[in-house]
Every structure is written in C-alpha cells, then in structure tokens.
Amino acid sequence: MFDDLSRYLSSASNQELVLTQLLQHIYLSLLPLVIGLALAVPLGWLAHRYRGVSGVVFGLSNAIYTIPSLALFVVIPVVLGTQILDSVNVVVALTIYTTALLVRPVCDALDAVPFHVVAAATAMGYRPLRRFVTVELPLSVPVLSAGVRVASVSNISLVSVGALIGTGGLGVLFTSGFQISYTAPIIVGIVLTLVLALVVDLVLVGLRRALTPWLRAGGTT
Amino acid sequence: MIEFQAVTKRFDDGTTAVDNLDMVVEAGTITVFVGPSGCGKTTSLRMVNRMIEPTSGTVLVDGEDIRKSNPALLRRRIGYVIQQAGLFPHRTVLDNVATVPLLSGWTRRKARARAAELLEIVGLDAAMGKRYPAQLSGGQQQRVGVARALAADPPVLLMDEPFSAVDPVVREGLQDELLRLQADLDKTIVFVTHDIDEAVRIGEKVAVFRKGGVLAQYAAPAELLSNPADDFVSSFVGKDRGYRGLSFLQADGIQLGGVSTMGLHGEHLSGERPSTVGGPDWTLVLDDDGRPRGWLPPGVVVQGEPAEEELRPGGSLYTEGTALRGALDAALSSPSGLGVVVDDDGRYTGVVTAQQVIDLIEERRKDAA
Amino acid sequence: MILQELFGWLGDPAHWQGPDGVPNRMLEHLGYTLLAVFGAAAIAIPLGLYVGHSGRGGVVLVGLSNAMRALPTLGLVTFLFLLAGGSEAGTIVGLIVLAVPPILAGTYAGVQDTDRGVVDAARGMGMTGWQRLWQVEVPNALPLLMGGLRNAALQVVATASVAAYVGLGGLGRLLLDGLRVIDYSKVLAGALFIALLAVLLDLVLAGLQRIIVPRGLRVAAAAVAGRPKARSSGRTES
Amino acid sequence: GGDPLKGGGGAAGGQIVIGSADFSESELLMHIYAGALTNAGVQVTTKPRVGSREVLVKALQDKSLAVVPEYSGNLLQYFDKQNPAAQPDEVMTALKQKVPSGLEVLDKSAAEDSDALVVSKDLAAQGVKSIADLGPKCSQYVLGAAGEWKDRWTAKIAQLYGCTFKEIKTTDAAGPVTVEALKSGQVQVANLFTTASAISANGFTALEDPKRLYPAQNILPLIRSEALDAKGKAALNKVSAALTTDKLVALNKRIEIDKETVADVAKEFVTQNKL
Amino acid sequence: MIEFQAVTKRFDDGTTAVDNLDMVVEAGTITVFVGPSGCGKTTSLRMVNRMIEPTSGTVLVDGEDIRKSNPALLRRRIGYVIQQAGLFPHRTVLDNVATVPLLSGWTRRKARARAAELLEIVGLDAAMGKRYPAQLSGGQQQRVGVARALAADPPVLLMDEPFSAVDPVVREGLQDELLRLQADLDKTIVFVTHDIDEAVRIGEKVAVFRKGGVLAQYAAPAELLSNPADDFVSSFVGKDRGYRGLSFLQADGIQLGGVSTMGLHGEHLSGERPSTVGGPDWTLVLDDDGRPRGWLPPGVVVQGEPAEEELRPGGSLYTEGTALRGALDAALSSPSGLGVVVDDDGRYTGVVTAQQVIDLIEERRKDAA
C-alpha cells in the first residue's frame, strides 16, 4: 500500500492534479463558511432578539438539514439558472448548509452574553447597532467560534460529495481511484481532507485567541 | 433633581411593578430606595434613564420631561451602576471607564486621560487600567463600575444594588468611599438596596417600597427608625431599630471618664482621671503608641510586661465624635463595663459607661418632647 | 413546470413497484440508517457516559471526535468498498463513523452538564459510582444525548445516499441514477423522499425523547425558558 | 486549474475547457485531446469526471465545456432514440444529421469501445458465447449495469434476442461495482466496455453481438462548433487517425492494471504519435 | 460525636485548606463553622463524610475512624445538605426525599411513606410531593433538601451554607425551623455559614476559621462575642458585638414597671403600677385584645377614640422571658423611653427602661467578676 502511495505521489502530473483539487477544495469549503457566517449573524440575532422568530428560524434550519447534500448540489442550477458545472452551485449549497448550521450557535452565543453587560451598555447610551457590533458580537466569540469550527469541519468533508456531480475538489480523488480500484488516491484524498480540516481548525482557534485577549488574562489574581 | 409624577408601571403580564409613585429626589443628595425583593425598586430606577418606559405618569430630570429627550443621549448624561458592575469583560479597565466619553465623541487620548483620572478618584492604582475586569477582585470591579458611571461627569447617578455582591468588610469600605465621593462631587445619587443597614448608613433620605410598588415611607433615616409610618415599615426596618437609631444621635455632651492605664512594658502611665464606675479598678493596657491592647482585671498585679494570657481582650472601640451607637456598644462589649474611647488615630483618650449613654439619650428625648 | 414533471414521476405506478420502486428503496435507506445509528450509538453512548462520568480523557475524546467529523464519508465508503471487496459492511462502517461524533458529543456534554451540585449531592447521599451514573447522570444527560442521536440520524439519512455510489440501494439510487441521465424529476423525488424519511425519523425520535426524558427536566427547562436558553451543543427540546 | 468561477466554454481565442465522462478511458481521451490541442497552440484546461453523457451534453450546450470525447453509437442513441443505424459509417452519417445545431462531431477514429455484455467463466463454459446464446435463458439471470441501461436497452434486447433479464441490478457505469458484482456472483451478466482490462484480468467473456444490439462505438470528439477553429479541429482529427482499438486497450491496461497516471499515459501517447 | 484529630488537608496544587485541625463536635448539638470565604469550612465538613480525604490526621464519627467504613455506607448514615439544595431535577419531591431509604434497600412503599412524613416534618404540604423541584420556591427547595438529608434518620447532619440562597425573611424562618427540628430530633448537626449572625443564632458552639484553614476560636456564641480570642475573631464577629452579646443575657431579675393605658375606644384601662421614669406621663393605647397600638404623648388629652394621627407608633416590643437584647431595643426605640413588654400572645404586661437593662447588665458583670 505504501509503495502504491509513494508511486502515486511521485508522479508530477498526479502532484499537479492533487494540488489543483486541493485548492479547489479549499475554495469550495471556505467561501461558504465566510458567506454563511455573514448570513447567520443577522439571522441568529433575529432569533436571539425575538423569541417568536426563533421557532421559525430554527425550524427552517432543521428542515434544510434534512435535504441531502447531493440533491441540493443538483437542484440548485435548476433553481438559480447557473451552469451545471459551475462551482457556484456547490458554494451556494454549502452556504445554505453553513447558514443553517450556524444560526443556532449564533443565537446561543448571543444568549450567552451576560445580560447585565448588555444592560450596562444600554444604560451608558449605546445605540442598538453599535452595541451589537462593539459589545455583543465580540463577547459572543467564544461560544460562536465553537460553532464555526464544527461548520468548517463539516463543510470540508461535505465538499467531497461534489465530486459526484463534477465540481472538483478532493472528492475527485475518491471517484477516480474508485473507478480503477486504486486506493492510493483515495487515501491521499482522505488524508488531505483531514489535514485541511486540522489546519483550518488551528487557524480558527488562533483567530479566536486573537479576538479574545481578555479570556487569557482572566483569573490571574 | 428627579421628580416622579404619578408614575405607574404595569408590565405586559399584568404585574404592577410601580404604583402611582409621587416623589421628589433632591439634587445633590443620596436618596436610597429600599424594600423587599420585587417591590419595584429597579423598575423605578430604570424609568429615570428610560430603560423602562412608564405606563402612565411623568418623570422629570432637572425639570425636563425625559420623554422629550433622545434615550441614548439622556443615558449618557446619567451614570448607571449595577450589581454585577456590568463591566465589559472584553475591554481593559481603562477602556471600560473611557466608554461614555468615547460615545460622546471625545478623542481617544482625552477619554483615556479622563479615565485614568477617575481611576485615581475611586482609589485604584493607575496600573490597574491595563488589566481586564476578570483580573480584579469584586470590590475593585465595583470601583471601576463607579468610575465608569462618573466618566462623563453626569449630574445624576443611578446605582442598583451596586455593592451587594461583595463581602461585608469590602462593602463598608465602598460605602465610605461613596460618601466621600459624594461630598467631593456633589452628584444627585439614587441608590437601590434591600439592606436597611446600608440604606440608613448612606442615605440622606430613604424611600421604603412595599410589594406592588407602593411607596410606604419617604423620610430621613433617623425619622424612619424612630417613627416608622406603619407596621410594614417598622417590621422592615427590623427589630434592632432602637439600637440602630443611635447611629443618628451625636455624643456631643458626653463627659469622658478616666481609668488607670499601664504600658506594655509594665510602666504605670496614668490614673489621674477618676474612674466613673465604682468597684474594684480595672487597668487598661496601652501599647507604645497609646493604642489600647486589653484589660487587666482588678486585683491582678503584674510585674514588668503583662503576659498575653493575663490580658483580657478589649471590647469594641468608640471613636470620639461619632454617633452614640458606637459608645454604647463599646461599653457593653468591654469586660470592665468601661467603653474605651479613642481618637481618629486609635489612641486612647478616655472611657465611657453605658449609664452615661442612657442618660444622654434620656436627656435628648426630653429635649425633643 | 419542474413540479409538474415531479408529480408526473410520482404518479407513474412503475416507480412504486419492485426492487427499484420507492417503497423498497425507502426500506433499504431506512435499513442503512438504522444500522448505522444503532451501531454508532452502541459505540458512542457507553464511551460518552464513561468519559463524562469519570471525567477522564474528555479533552482527548472531544478532539478525536472532532477529527472524525472531518473524515469525508465518500472517501471512506469508496476506500472501504475496495478494501472489503464490495460488501455492504464498508458502507455501514463509513456511515457509523459519520454518526459517532454527534452522539458522543451529546452524551458527553449531557453527563458533563449535569448540575455539579446534583452530582455532589448524590455522592454525599452514599450513591455508588454505578448508582450515580444510572440514577442521576443518565437521566439528566438524556435531553442532550437524544439531541445528539437526532442530529446523527439526520446526517446519516442525508448521507446514506452515498451508498448508491458503491452500488447499494437506498434512495440515493434515485439521486445518482436520475443525475446520470439528468432526470430532475427523479432526483427531486429522491431528495423529497430522503427529506421525508428524515422528518419522520426525527419525529419518532422526538416522540421517544418525550417519553424517556424525565418530566421534571422538562419542567425545569420550561422554568428557565424565559431568559437564557438551552445550551449550544445539540438540539434539546424541539 | 484555472479560475473556477469563470465559465469554461471559452469564446474563440480564450481558453477552452475539455471535459470527460466519469470513467478513466474518457479521462484518458480528454488528456490526449488536450495534449494535441495544446501542441496546436490552443489554450486548454481540463475538467475530468464531469458525469454522464447527459451531463456532458448539457454542459456543452450551456457553454461550460467545449470538447468532450464521445462514442458514436451511444451518442446517436442519445440524440435519436429510435435510430436503427448500427454499422460504423451508417452511424456516422446519421449522427452528423442528428447533432443539434451549435454542436458538431469531428472525424471518427478506428478505435471502438463498445458496450458489451460480459459473463463469468462458468457461464461461458456452459457454451454461452454470444447474446444469442443467452437470449432464451435471460430470465434466469441478473444483469448488472448502470442505472440508465434499463431505459436504453431493455426493449431493444427483448426485440432482437428475446432476452428479458430476471432482474437488472443497478451497479455502476462499467466500473468496479459492476466488476465486483460479477466476480462475486451477485449478477451473472454485466455490462462492461470491450476495452476494459477487467475482462481479461478476471477471465470474463465478452459476448458477441451478432444482431448489433449495441451500435458501432467509434471514438470521436464532440465539440461546440464555435469553440474551435480549423487548426484545432485538424489537431483532433489527427488524434482520431492515430487511435486504434488495440492501442486503446493497451493504454487502458496501463491505467487500470498498472495504475499509471492517466495524464502521463496520455502525454506519452501524444508524444509518441507526434500529435 | 465527631472528632477531628490533627486533620490537615493539602490539595494537589499546594493550597492548604485545613491546617492541623483538632476539634470535638459534641453529639446532639448544632455546631457552626464560620469564617471568611476560602477558609476551609467546606473542606472540613466534607472530610466528615469522606467526600474529601484528609492528607493527614484522623476523623472519628461516634468514636470510629471513618477510614474503616465504606464511603457509600458511611454517607448513608450522614445527612448532607448543600447550598443549592442539589435536588434531583428529574425526580419528584417525594422521590427526592425517598432516595436514601431506597438506596438502603427499603421497599418503595415504605420509603415513600417515610418521605411523606418528612415533608410534613419540614413544614411542606403533602401535595408538594408530586411536584418537581423546579416547581418550588427557593425556600421550599431548601426544606426538601433538609427532608432528604433526614430521610434515613441519620444521627449526623452536615449542612453547607444551606440557607444562603434564600432571602433574609425566609431564611430566618428556616433557621427557626431547624432549631425546632433539632429540639425534636436531637441530631448532631454541623452547619457551615459565613454569616456570623446566623452562626450565633443557631449554634450551640461556633468554630471560627481563619484563612489557611486554621481554627481561630471554638466556643459558645456568648463567649465568642464577649471574649473573642484575638483581633481576627473580634473583627470578624463585628462591631456590634456588645449589643449582640445581650442576646445571651437572660432578663430574669428584671422588675416590670407600669404605665397608664387606655383602650382604643377611649376607656381608661389602668395606671395602677407606677411609671418607672419621672417626667410627664405618656399613655399607652391598647387594642381590645390588650395588644399595644401606640403612644399618646404627655399632655395630649383625647375624648373617646384616639385618632390615628394622634397616636405615636410604638417601638419594638419585648417579649417577656427572652434575652436582654430585646428589652434594651424596646426601650431605646420607644418614643416614651419605656420599652413595652408583652407576653407570648403579644399582650401588654408592663414596661421596662434602658436604665433597668443597664443596671442588670452591670450587676451580672460584677457577679461574673
């Protein structure tokens, strides 16, 4: 098996293929994460702020979760009128999943911001938008980052399925290896997916640390 | 000045939190709201900075109907301190304090300079400014909360159970500091607590609320203790109110007695002022600075230094010039029956007996009648 | 228009019979799902309970189960297919790997989140480790545990379609075969039935949750429902 | 690579995208086409494993792709279901007429890779050598084939050979699932490609098809007309001229059995044949 | 009886939570551990039921080294109540209380019957048994916690700040109930609090800990207040300790005085006992049951019923037979200087002056010397 692997990896054209698909994979998994987060924040805020809305938002996000990813990948070009091979399809589909996955953590994270801190901000004369951006959002980072980490990992693993509809990404290694009963590319694909997830996770942890200097300072006295 | 005119607050679920409140909070005073849990103290307070809008009635701040002002701007003119301090955990102490000035459009440098100044005013080291709130003790956090509320120099300060989360010793320190601050800065302070001791200690006037948001009594603390408006108030101010009331009687006319004293090293110091009680004489032992260390019972004669075991610990000390309460407690707690009186530096100046305190009280009572 | 085609497809009796028919595919799909979820539960619940109860290895476990989430199901399934020479077992294992992390996280969090005061009281009353686990920690962990189980079931239902890629049945057949010939009505029908299955399964599990979660916990949850809401990990009450 | 967001159809002068179906032979052909076009000075990118014919044609039409390798018979079937043409030239003539406007087929190569019904050694030992032998016994056997086989061929095989399988099991498009199924006996008959290495490697027998169930399957490029200029078309025609069935089988073996990299095998072929 | 013999607990991180503790808790008493936060109260308590194992030293319960007993079995013989009550949220109140009997192998029916009995003992309605903990108020939850700890009738009860989460009024009620329970059931109770008032109120003996887990003083409450071992204890027991100490002085020898009284309807009731203070006479107004309603100042003459405005509210009331503290406060808080004395039913029986209290104190002090 290791012979297979080293032979597979020593071929220059394989290296190029793997690299291309890796880049495509990164693009397909991270762009939705960013857009999804941007969408989930206002939605999560709505759910946090208005209890009535939260039922609807959570119900919807659960419902989205029941749609199989493969189906979503296929149906989206029909709905959007995009080209069938357009990677936008995967981006849109994963954005939808990411948003659905993040709405609840955003809401929970905002709920976890101590009520009295928000009250204190209001009492000091903050207007709602500024209060949200400079007080509530920064304070929600610790809880929120946990949700984002789960979303990034699940995106990275989901993108592989896109290979079944020809959008590229590391999943191509699975289908092409599978077709010729060749495990080497499959192993390479799995390992790279794991490594990618790990690296992204480390980056996110680093980001959280950078955004929450006060947590590290906590409890020194 | 803050004025409540027929203010009522009914919440959506039907709870009446404040019922037809009419009340004037004088400018430049500390006014305390007390009452059992859920009696509408917080609600009343929050109607002043429009965190809660009254169902009916009007609130005036400095004669102006607050409904006419923009809530955010109004709030920047009114400092607000809450129980948990409500500090921003994600900002340094200095930036916490600088918040309102920055909101009001000050430059960052000016706001920070002001914040540093305020930290000093509330008795915090400048070095603390760089810390995060989680790195401070509870009492320090409360100070930061007060500093933050004072930052934009608001004429009005609302404080909602600001000291209830800290332990009794620290709490008393914070109360003292608030009184000192108030003497310096002359703000209009509304202070909420459910601790009657705290209320009578710091309030120039105290408003007692009862369940349902009804104002039961609004009076000066001494009046409240000596003359509770009804059974609710009298039960609320507690069964020790006679004793507590002594906090408001000054000990002006009291004649200090003397007692024989000796130094820690056995040297006879004085016995010139006659003991005011009869019976065998106790000897008060003082340290080299003249601070009381304990009593030697009558009949015990020591050569040289008195040993720790021979000394009977003293009672509480009464600081000259303070209220009668301390004098009575000093007498009652002293093994000799003689309350030890000290000056501001804690040096022995004389003794006082319970009898003297009672006589003085009786005299005052007669004068009043 | 696409809806019309969909209804046309659904209306064709040929699509409802035989091994290719919807009922059979649905049963197959349900079969894979149940196998995978039960398999994962058999691994994850005891493990989560042990780690949560003993407090040992929590960090390692959480890290490991997060890493497991990153394993691409398609890669795993194709790899195992080639390794196992085409048996169904590989696919089921792939799906089990998918289902373990949410169940593990839910179970662990459930035990961990049990009020420390309550556990302490149980110990102080003289409960042995087992008694504490069964009488206190498990009942209190049930809401989060069931949340994890429901999450896992949802994911497996949605992902079991991958089985079709390695030649197995299930509703994924409709998706993949429809996709090969760009028959959108077939793909949509597949998606629809998978979603339907997911919803039904979730309803059943929600019902189960209502039955087995002690009433006192629901009362307690309702009592705090006013302000801070249920915790983040997993879904609790629907 | 290339910018994944950019539509890959490529107006003349820009980059064009060559796609392939989701099996390795198609991918191989894609790389050979790409190599030849590059040598002819056309800027190309490749998009392997796009999907089935249905997807490829759609992608050509919506300009995601410019060139794909195709098989003449199946392509004709796709455009005209009932077309009876079966012999290579017949198919070619019909195809040229039936290709929708905007698309175009270039010259066919001599290389053929037809679908074939394949049986295991046992069945072959019982004397089953052609579909005609199988015909009457079909109802005892299970066929393994891709999902679309049923729609395309059930009627025709019944009509030509009187064959109705006991069951048609969906496996995959002549890939490992189908091979495994035949090997393990889950199915007794499988639909594979004549050039597939798995046939000889496993000792399977490809059944003869005397009545031409499957039409001729010459390899040819299907392109979007405007995407290639004359120079490009000539380059592809040169490829078709160079390809033979034997060469293709050999190339496939290197990929499927020796696990050589598709792109490398293609590159070598392009170089050797001076394409 | 619980005995700590040279018990030390050092945690893994190096904190010394309890330092060489030697102490005997008498059987059948309430012993209270007090001290500032982090001084090792909880740690000491939890070493009794082996929730924490000492680093060195021995703990004996009823003379037996607890290391020799199985922890689970030991704990079933020792009731344990913690601050947050620690009730099982997933079980009904009845099943919560029945837990330990069930663990000890009782039948379900018998355990439930016992639980129902206990709910009654701690003053809860039987109907509450069917509720879940979340459906009870904080005070009710505390009662359930106590009932649960009592269920197996353990001779020893450990209570760790059991009442600190409830408000002061409810808390006092719970304390009274605990005292009543103890009188009935005669358990050995160790009670942790950081509230000195609570400690002296319910403790027969009080152990004061200081930071670092050192026992600073272990004495009866009266002794603690009158004779604190050192400065730490004296500052911890607070500055009102002279007055508080009066809680432990009985008013036996006190001679009640009389005052002129009148009924609510203006009828003259009595004046026979001479007023014990000189000066113009106040009149005490009683209601039809003989309960005091207020004072009429000297010189005010009313015809018929006295109007509410004319009545001056009375001070606190002193119940005959209770400690001197109440008598002094009654006198100090009364507008007439005469403390109103009532019987157990709240009926007027006489008056007492501050002078009398002081005299009595002085007498006792001299007796003691």
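Labels for the chains are A, B, C, D and E, by order of writing; each one numbers its residues from 1.
By our rule, a residue touches a chain if its C-beta (ideal position, glycine included) is under 8 Å from a C-beta of that chain, and two chains touch if they have at least 3 such contacts.
This one's a predicted model, so the numbers in the text were calculated from it and none came from an experiment.
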| item | value |
| --- | --- |
| Any chain in contact with chain A as well as chain D | C |
| Contacts common to chain A and chain B (chain labels) | none |
| Minimum number of chain-to-chain contact steps, chain D to chain E | 2 |
| C-D or A-C, whichever has more C-beta pairs in contact | A-C |
| Chain whose Cα centroid lies at the greatest distance from that of chain E | D |
| Maximum centroid distance from chain B, chain identifier (CA atoms) | D |
| Geometric centre distance via CA averages, chain C-chain A, whole Å | 20 |
| Between chain E and chain C, distance of the C-alpha-averaged centres to the nearest whole Å | 54 |
| Centroid distance [mean C-alpha coordinates] between chain C and chain B, Å | 59 |
| Chain centre separation (chain B, chain E; CA means) in Å | 27 |
| Multi-partner residues of chain A (each touching 2 or more other chains) | 163, 165, 175, 178, 181-182 |
| Shared interface positions of chain C, touching two or more other chains | 81-82, 165-166, 176, 179 |
| Residues within chain B bordering two or more other chains | none |
| Set of all touching chain pairs, with the criterion as stated earlier | A-B, A-C, A-D, B-E, C-D, C-E |
| Chain B residues touching chain E - in the complex, by the definition given at the top | 36-37, 167, 169, 225-230, 234, 239-243, 245-246, 277, 279-280, 297-298, 312-313, 315-316, 326, 328-335, 337, 354-355, 358, 361-362, 365-366, 369 |
| Sites on chain D touched by chain A in the complex | 1, 4-5, 7-8, 19, 22-24, 27, 47-51, 55, 58-59, 62-65, 175-176, 179, 255-256, 259, 261-264, 267 |
| Touch list for chain B against partner chain A, complex | 49, 51, 71-76, 78, 80, 82-91, 99-100, 103-104, 131-137, 148, 158 |
| Contact set on chain A toward chain D in their complex | 4, 7-8, 11, 13-14, 16-17, 20, 23-24, 27, 83-88, 163, 165-166, 168, 172, 175-176, 178-182, 184 |
| Touch list for chain A against partner chain B, complex | 114, 116-117, 119-127, 135, 138-139, 212-214, 217-221 |
